[in-house]
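Following are the structures in question.
Next come two complexes, and both contain subunit A; in the first it sits with subunit B, in the second with subunit C.
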Partner chain A sequence: MSERMIWLLIYAVPVIAICGPLANFLVIGFWRVDGSSMVADFSLANYVTFFTNPTYKTVLIKTMYLAAEVALVSIVIGYSIAYFVWKCPRAAHYPLLVMSTIPLLMSYIIKLYAIRSILGFDGFLNSLLVAIGILDHPSTIFLFNQTAILIAMSIVYLPFAILPVYLTLERIPESLLHASSDLGASAWQTFRYVVLPSSLPGTVVGGMFSYILALGDFVTPQMVGGVQGFTFGRVIWSQFGMAFDWPFGAAMSTVLLFLSLIVIGIAGKIVKKAENI
Partner chain B sequence: MSWRERSVHVFLGIVTAVTFSILYAPIVLVCVLSFFPISLHKVDWGTFSIDAYVQLFENADIFHALGNTLIVGLSTVVATLVIGTTLAWRACRKGGRASQIVEFAIFLPFLLPPIITGLSLLTFFQQIGIDRTLVTVTIGHILFVLALVYRMLLNRLKVLGTSIIEASQDLGASGWQTFRYVVFPGLRPAVVTSAVLAFALSFDETLITVFLSGGEQTLPIRLWAMIRVGFSQDINALVTLILTSSIAMTVFAAMMFRGRKMAGGSAT
Partner chain C sequence: MNMAERQATQDLERNARGPEAPRRLGGQVELRGIGQRYGNLQVLEPLDLLIESGEFLTILGPSGSGKTTILRIIGGFVEPTQGRLLLDGEAITALPVTKRPFNTVFQDYALFPHMSVEQNVGYGLMVRGTDRRETTRRVQEVLEIVGLGNRAKYLPRQLSGGQKQRVALARAIICEPRVILLDEPLSALDAELRRQMQLFLKGLQKKIRTTFVFVTHDQEEAITMSDRIVVMNKGKIDQLGGPRELYYRPATEFVASFFGDNNLLDGVIAETRGDKLRLETPLGVVFSDASSAATAGRFKVTLRPEQLSLETAPGASPSDELTGAGRGTLESLDFVGALTHVQIRLANGQVLKAKLPTPALSPALAPGTEIGLKWRQADIHLVATDGTVN
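Moving on to the complex of A and B:
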């Protein structure tokens, strides 16, 4: 066997391990379920159900909206933090970046559990608000609704946006900033016309990460969303648990897959365009 | 800095401080609570105790799950390092179409929502008749972290440059010798950093694992199941211990990474 053949075999393993299951999955979306077993015949029934039943469409649109909110929070706050770090004295950059990365490595489940107990009726937030006199008595509005999901997801996914932004800010040559101010640009003009366009790729990548993660998350809505908090990820998840309709679940995940690919594609385009300028 | 720039800086500093305290609050809460008993949903701030830690060491169930997590994590690290190094080494010397296809494929599980990777593997394993064990969990984790390890190693290889490889080959070294004596020493910091990151990601992976673990559960899955029925104090203790070690690990990886950056910087 030639060396080339060996390499092609080595290449084939990860490609098959990733694309095989994905392809298999696309096919199952066209199957149907009979009792508790899957029947392999081709029909568009799952997709028809999905796109004609307003319940599913509403959940999808609501989830896309929720994910956009999470991405927006991540971008605005993530950018602010990255920009702050970048403007700090050089020696402070590294410790601050490590500090913003550590939350990513804290247990996801435990974070959600703790957020739930902070937001809950007996929780820290209620005690604080009652203690400083904003509330007369503890409120239930913080937990088990869409707002709780938004808060929890923002806390969990925000750190993903800090590092990508910082990395693009750091690549801006100092000479460019000096040139801009030497030519008489104000601090705001330098930010608007030099810094912001140069850091666009990192911002888009950070936003993409939190958008896609929020879109497919099914544990956060289950933990802090209660009965009201249904998101698309949770609906898919329930098809593989309680409802036990794998083909329908596969069809819905296919929708999620294409949605994510579109988002990745758009982000990729923006990054490419920004880097060519 | 003008006063206006300075006030923007101070404002962003406040935003950063507030955000950091919100990001850290959940975990700090868990750590603090691990030292105080809870009765009737109220924390008894008067009594400091390490009972939770004593209880923890009697909880065989948790330690079993922790053991599973460590097995999966270490296997994932070894496998991704071997596969990642092989692919990056090839991609660095011979780019081309095949490399690009592989690169695209291994980035999918990293970029797509974890639920898609988890579900596609679940249905795939079920179809070809493979039972769900720690092996299926490990396969899921390998596919998930491979992109990160590959990318970090490839970046490092690119920094090292091709000239030393060519020099080594001109002097008559074989491909393996070049890798072993010329490339690997320069690659080592990236290997350590990516190993730590891969382990950390695998250790906490929940959204893929939940589809792939059968009877043998990993720690996050076990914790999730426990939270649904109610939470005992010893979990707080466990989380405190894990958090302490993961922070130590992160700081270690960060220091390795910085060492590598400085070494790279002084060489150029």
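Moving on to the complex of A and C:
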């Protein structure tokens, strides 16, 4: 086998493995279901149904709103953690970063069970609030609703916000910070005028990660959201499961894919602009 | 460097000269027993240094000599482990960076990449809450001084190295600090631009009459610009003085060899006649004034390459108290233009350097020729040895 062939294989395998299923979905989105089998013909019926039925649109918009909240919460907390790590002595950076990203090594499901046991009726949060006297008796407001999804997703996606922010903070030359205080800027002014603008690219990327992951997530809403936690991810998932309408599920997945691409595009524009100036 | 840039640099040289402004008060910095230690490593021995108001003081030394540490201590980026720092007689050792009326020009310029030239220069005024119109006016004024009046809206990445340098300078002078600290600001520029910036900096300093503390490892830069030079070696001050003093009257072997080219010879005191010494060296008999270096016992005899002249006929007359005479073999001749660099091997094998005006050299001279050497005994200078030769 020639060297060229080997290179072709190295590139072709991942391209086929990623693009193949995506292309498959794009195609299936135009099929229809007859009884319990898919019929391969071309129609826009799935898309027409999606865009004319207000229920789907409402769920999508609510999910987009939820994902935006998740992105905001995880970027605010993630930025704070990244900033704290960056301000620590250099030798502590690596251990602290590893610690803050260890949840990534854990199974997603285990993390959700852990969060569930913290937020639940006789969970850690309720016990704590009752113990310190903030609540008289345990509350059910922390689990099986939209807030629970928001909290759980923000925690689960936190590492995706911490890492990009840390990486941009890390790239700020120390002399810029020295120059700022040398010119009389207070610690807050240095943060506001030098650190924050310089770390904007990482902040946008971190927010984008959380947003896109939250947008398509169907496991978290199912596990901590209860009946109230109906998100777009769950709608799609139910098309492949209970409803057994793969073409319609594929069409909605396609919509979600394009939505994500638009978000990535916007984020890329912001990052590029921030890095150019 | 292109034509436009050359023109711009020439313009700014003219700008910088201008009429001299009245001397601004203050800017005298005093270091009293300032020392710095990191763990077990004493990077700066306790030292005293008085930087006069309005002077251009250069701290010169090789890397690791402690010169940057001094600058960082004055700037407030590093807190000294011992000693006191005074500004115009008042203790400022514990004063934070933000409160010191000093501004720094950093080695890498440290321009804020996301801000325009205008915003960079105006930063110091902006954080002080200066009125916007006043800021704009002063930014424009300072940009004119550094010759970048038409670059206000540019971003740092759109500027050349020399222009960035001038923005950094403008940013440092706009707040009218009592002292400007410069941390090897010219090291990233090419030779031609560096020479022009040296003249510009010196001119600017004369014009605004602010104390400049300039750190460099380049002795030529130090000679060109400084009123006084501090030579640092291994965390200690080896010598403090004007450029001429350091060049012709170096105190130590380190200063003698670090500061320009020099010939260093071992010498043995043969005779003491009052305050005159007669010494025997591989070059021949030399006479020198009795100095503290000689009385301490460990010393070297120095003679600058340009103070040595050649005689085609060797050994015409012996050394006397006015003129020295010796002999050697011509090793090599390197034509460098107006001067020719000559290397001469002495009888003991040591090679001396001489720099002679090219027209004065006989064309008959060729490597291998036996030649005579002459020098003025008044040019002989003794320096203390500290065991290091650079």
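In the analysis below, the second predicted complex is superposed on the first by the 267 of 277 C-alpha atoms of A that agree within 3 Å, B and C clash if a C-alpha of one lies under 4 Å from a C-alpha of the other, contacts with A are read in each partner's own complex, and residues count from 1 in each chain.
Keep in mind that, in the parts below, a residue touches a chain if its C-beta (ideal position, glycine included) is under 8 Å from a C-beta of that chain, and two chains touch if they have at least 3 such contacts.
Computed from a prediction, not measured in an experiment: that's the story for all the values here.
Aligning the two structures on subunit A places subunit B and subunit C next to each other without any clash. In the superposed model, A:Pro197 makes contact with subunit C only, not with subunit B. Ranked by how many residues of subunit A each touches, subunit B and subunit C are led by B. Residue contacts after overlaying the shared chain place A:Ala91 against neither subunit B nor subunit C. In the overlay built on the shared chain, the residue A:Phe25 is in contact with subunit B alone; subunit C does not reach it.
By the touch criterion stated above, A:Val227 is placed in contact with neither subunit B nor subunit C.
Seen from the CA centre of subunit A, subunit B and subunit C lie at an angle of 80° in the overlaid model, rounded to the nearest 10. With both structures placed on the common chain, the touch criterion links A:Ile134 to neither subunit B nor subunit C. In the superposed model, A:Ile81 lies in contact with subunit B only, and not with subunit C. Our summary of the superposed model lists a minimum C-alpha distance of 7 Å between subunit B and subunit C. By the touch criterion stated above, subunit A contacts subunit B in their complex at residues 7-8, 10-11, 13-15, 17-22, 24-25, 28, 77, 80-81, 83-85, 87, 94, 96, 98-103, 105-111, 113-115, 117-118, 122, 124, 155, 158-159, 187, 212-213, 215-219, 223, 233, 236-237, 240, 246, 249-250, 253, 256-257, 260-261, 264. Only residues 2, 4-5, 8-9, 12-13, 15-16, 19-20, 22-27, 29-30, 41-42, 83, 86-87, 90, 98-99, 101-102, 105-106, 108-109, 111-116, 119-124, 127, 139, 143, 146, 200, 204, 206-207, 210-211, 220, 223-224, 227, 231, 235, 239, 242-243, 246-247, 249-251, 254, 258 of subunit B touch subunit A when the two sit together in their complex. Listing the residues of subunit A that touch subunit C in their complex gives 173, 175-176, 178-186, 189, 193-194, 197-198, 274, 277. Subunit C contributes residues 75, 77, 96-99, 102-104, 106-108, 110-114, 123-124, 126-128, 155, 171, 175 to its touches with subunit A in the complex.
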